[in-house]
Amino acid sequence: MDFLLKPFQYDFFCRAMMVGIMVGLLCGVMGVYITTRRMSYIAHGLSHAILGGAVITYVLGLNFYVGSGIWGFGAALLIQYLTGRKIYSDAAIGIVTTASFALGVAIISSYRKFSQNFEAALFGNVLGVSPTDLWVVTGVTIVLLGLVFIFYRPLLFWCFDREVAQVQGVPVFAMDTLFALMLATLLVATLQVLGVTLIISAVVIPASIARLLSNHFGHMMMISGLLGAAISFAGIYLSYYLDIASGASVVLLSTLIFGLVLIWTRLQRRRKRHVPSLHPGHLPS
Amino acid sequence: MKSFVYLSLLALALAACRATPNNTVGSSNPTVSMVPTQTANSQKPLVVTTVAPLTNIVSNIAGDRIDVKGIIPEGTDSHTFEPRPSDTDILSKANLILVNGLNLEVPTEKLANATKPKNTEIFEMGGNTITQDQWMFDFSFPKEKGDPNPHLWVNPKYAEAYAKLAAQQLSILDPAGKAYYEANLKKYMQRLEDLDNVTREVVASIPLENRKLLTYHDSWAYWAREYGFQVIGAIQPSSFKEPSAQDVAKLIDQIKKAKVPAIFGSEVYPSKVEEQIALEAKVKTANTADDELPGDGGSANALENTNPQHTYIGMMANNLRIISIGLGGNPKLVDKLVTANVVGPTAIATKSAK
Amino acid sequence: MEALLEVKNLTCGYQSDPVFTGVNLALYPGQLSGLVGPSGCGKSTLIRAMLGLVHPWQGEIIAQGKRLKLGTSPPKVGYVPQVETVDWNFPVTAEEVVMMGRYGHHKFSPWSSRRDRLVARELLDRVGIAHVAHQPIGDLSGGQQQRVFLARALVGEPDLVLLDEPTSGSDLHVQHELLHLLAELSQQGLSILLSTHDLNSVATHLPWVVCFNHGLVCQGEPAEVFTPAILRQTFGAEMLVLRQAERILISSDATTLLHELKNNLPQALRPNRSKSA
């Protein structure tokens, strides 16, 4: 038993766990909106765009959360605007987000005195979570979950059918802005835990697993959130014993679970199929 | 999604292009800067160095007879530093290239090999200072990986060896200046001797049980060996990545067991993990430097430098202060050390520290 | 009688060329009208412009006497979009979709009220899909999906409903049921505008038609409006019109006309065939 509890003796590990669980929960819940709105590509691009913001924030000497948050929010709005036009929207998004990312890289390479950990930005460093970070993530979790709860009905309508939602009284532009803000906040707060390259998996995979298991939006959200939290917990825990990077451990575990659930649901579906017997005298229905 | 893939591939291709050296620059001027120029010629020979401490040491010997240019900017990670196109230009004109070697600056050395003029030599200071049996392997540079710890210059005794080698190489390049270089060497050696003496005093002032070092990046191996310190660990694993959860747990245990009062990070590797380790192990943390010279607005090149703190000796003096504060020694012992260069604007008459 | 929704001199487009110009149209309470025209003539755009979903280049939209601001939608209007525009993979059931339409009734509560559920169920019953209320929308047939949307539009208790091609892709039987339902609703006071390019199954059965082709051609009762001249202007082709008692049949060639004649025969006049399910 001691062996199993050993990592929890360490403060850094407990903090990593708590942040990881909250991030997993949040990304799972928000991921349902992102996957059902077919925004996964946008979210991925946005996480790269935020890197540009983070770099500029550093160069200007601003607070990381504030500066990156504003930049990320701006990028999210720009992307919302571009998505409104149906023509070549994915290319436009690709340009905006890679340009922002490249701006970050260019500044890093030319600023020469850049001394922030680029690698942590890419892959996350949940082990370096300070007590302040823990408070920030806790605050963000409470706020975002609160917003999801309060605006559940309009966000659902907006997500499913934006045009009819507008006609039936949902303030869709406000929802656009709200969601952009929520997404930017989510990414900035979780950037440190999973890093730019891995965030997308936390957002997409638990929601995708939940989709396999449920047809109800509300249920999906609950399953996705809990699953995200549980996978984070297990992933970080396993990373200790397997001695591998925590972020990667979480991603690999979630992919594994996705694969298993996919296979299981396929088998279930096959079992449920019943072919009507062609008995003479019966007309096929 | 497809366009995103294409754009990324394009970005990758562009980055790869940037990394490969521009061969046309080097090969298109076969006659320029091949033969060591005479001092009568208005063009001074160009010696290219890498990290700032190296640049500083070499420029102290070279004085105003030779142009010394260091291409790795201060405070950059020399192990992964990728030179820019403007560096290619400098390398293609070099008469001599002095590097630390021992795989400290692999990308830079590769570029140097590709762009330097044919007759220009690349001389490895580190490789010529110690023999293979003197190589040290440790936490960041484990024996299994084959590469020894390259941070020789942190040890003032090896810095002295570097200064001697510099004088030797510069004399070969410019025989007419040999006496000049020897004179500079003598002055500089005096300063380095003073540094060595002060170091021993500072070490003596630190309680025996505190003479242990746990740093982020393992750059203190040779210094520790010289002055009787024990390097108990390094936070950065040998792959230069972030440490894993188990690594962090082990380090915390180690720090607690060793009962050191402080651990030391580096500004080159700002690390949140290091902060959390220090927080949990309840030790102080401060940053030392091994390739960044202290003080603003100075230059590693002695001839251009106006800040007397901004030198190799200044860097080591700062380190001694930080280490002694952290481990319970007397930082004031460092104050009497003259950190200025022996040539250039900051040069003053050498006074012995004694 | 004041118009529920009116457009004056409306011109709309997406890129450089306008899709329609100078449209003047008013919709009155209790009116059931069809917006008739060929594919791509701007019917969908007109409907979406009236709903505030497309910014007009010129002209104005007046809802309940007030000028509609850009980017807003007229109040108490329902919209049934084309079936193709919806994401059928979305994880919601028929009932949940209908309940979305109740948003306008209490905007600040995160959950639906009991009355919401009651009204939703009533409507599902009314449109004839109560038995599939708990099924995910992806499992429904085309006709059922259409009716889910109609129920959603109606659940908000609107005064006017705009439907975009509600009968396309459905078989005749489903179409007729829908038209019956719409007729009932209009008799109860609801104003309805539906667009269609199908003349014989739909347009000729409606009490009022608006002929449209990148602009308003003509509007009136089918008997007045469906003349070869107007049809030529609307559809850009020569059409044959056959009037038989209360019915009008239209086609561009005689063979098809005869075919339509057979198809449109009332039940009693059909040759004997086994009943299809």
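Letters A, B and C name the chains as they come in the text, with residue numbers starting at 1 for each one.
Following the convention adopted for this analysis, a contact is a pair of C-beta atoms (placed from the backbone, for glycine too) under 8 Å apart; a residue touches a chain by one contact, two chains touch by 3 or more.
Keep in mind it's a predicted model, so treat the numbers as computed, not measured.
*Asks:* Would you kindly say which chain has the C-alpha centre located farthest from the C-alpha centre of chain C?
*Replies:* The most remote chain is B.
*Asks:* Which chain wins if you rank chains by how close their C-alpha centre is to the centre of all protein C-alpha atoms?
*Replies:* Answer by centroid distance: A.
*Asks:* Can you check how far apart chain A and chain B are, centre to centre, with Cα atoms defining each centre and the answer in Å?
*Replies:* Between these chains, centre-to-centre, one finds 42 Å.
*Asks:* Nearest whole angstrom, what separates the Cα centre of chain B from the Cα centre of chain C?
*Replies:* 78
*Asks:* Mind pulling the residue numbers of chain B that touch at least two other chains?
*Replies:* none
*Asks:* Taking the complex as given, what residues does chain C use to touch chain A?
*Replies:* Those in contact with chain A are residues 48, 51-53, 71, 73, 75, 77-79, 81, 85-87, 90-93, 96-97, 100-101, 103-104, 107, 109-112, 136, 149, 152-153, 156.
*Asks:* Which stretch or stretches of chain B touch chain A in the complex?
*Replies:* Residues of chain B touching chain A: 1, 3-4, 7-8, 11, 73-76, 82, 84, 241-249, 252, 267-273, 275-277, 279-280.
*Asks:* Can you tell me which positions in chain A touch chain B when the two form their complex?
*Replies:* 6-7, 10-13, 15-16, 41, 44-45, 90-91, 93-95, 98, 102, 109, 112-113, 115-117, 119-120, 123, 125, 127-131, 192, 236, 239-241, 243-246
*Asks:* Under the stated contact criterion, what part of chain A meets chain C in this complex?
*Replies:* 36, 38, 149-154, 156-157, 160-161, 163-170, 173, 211, 214-217, 220
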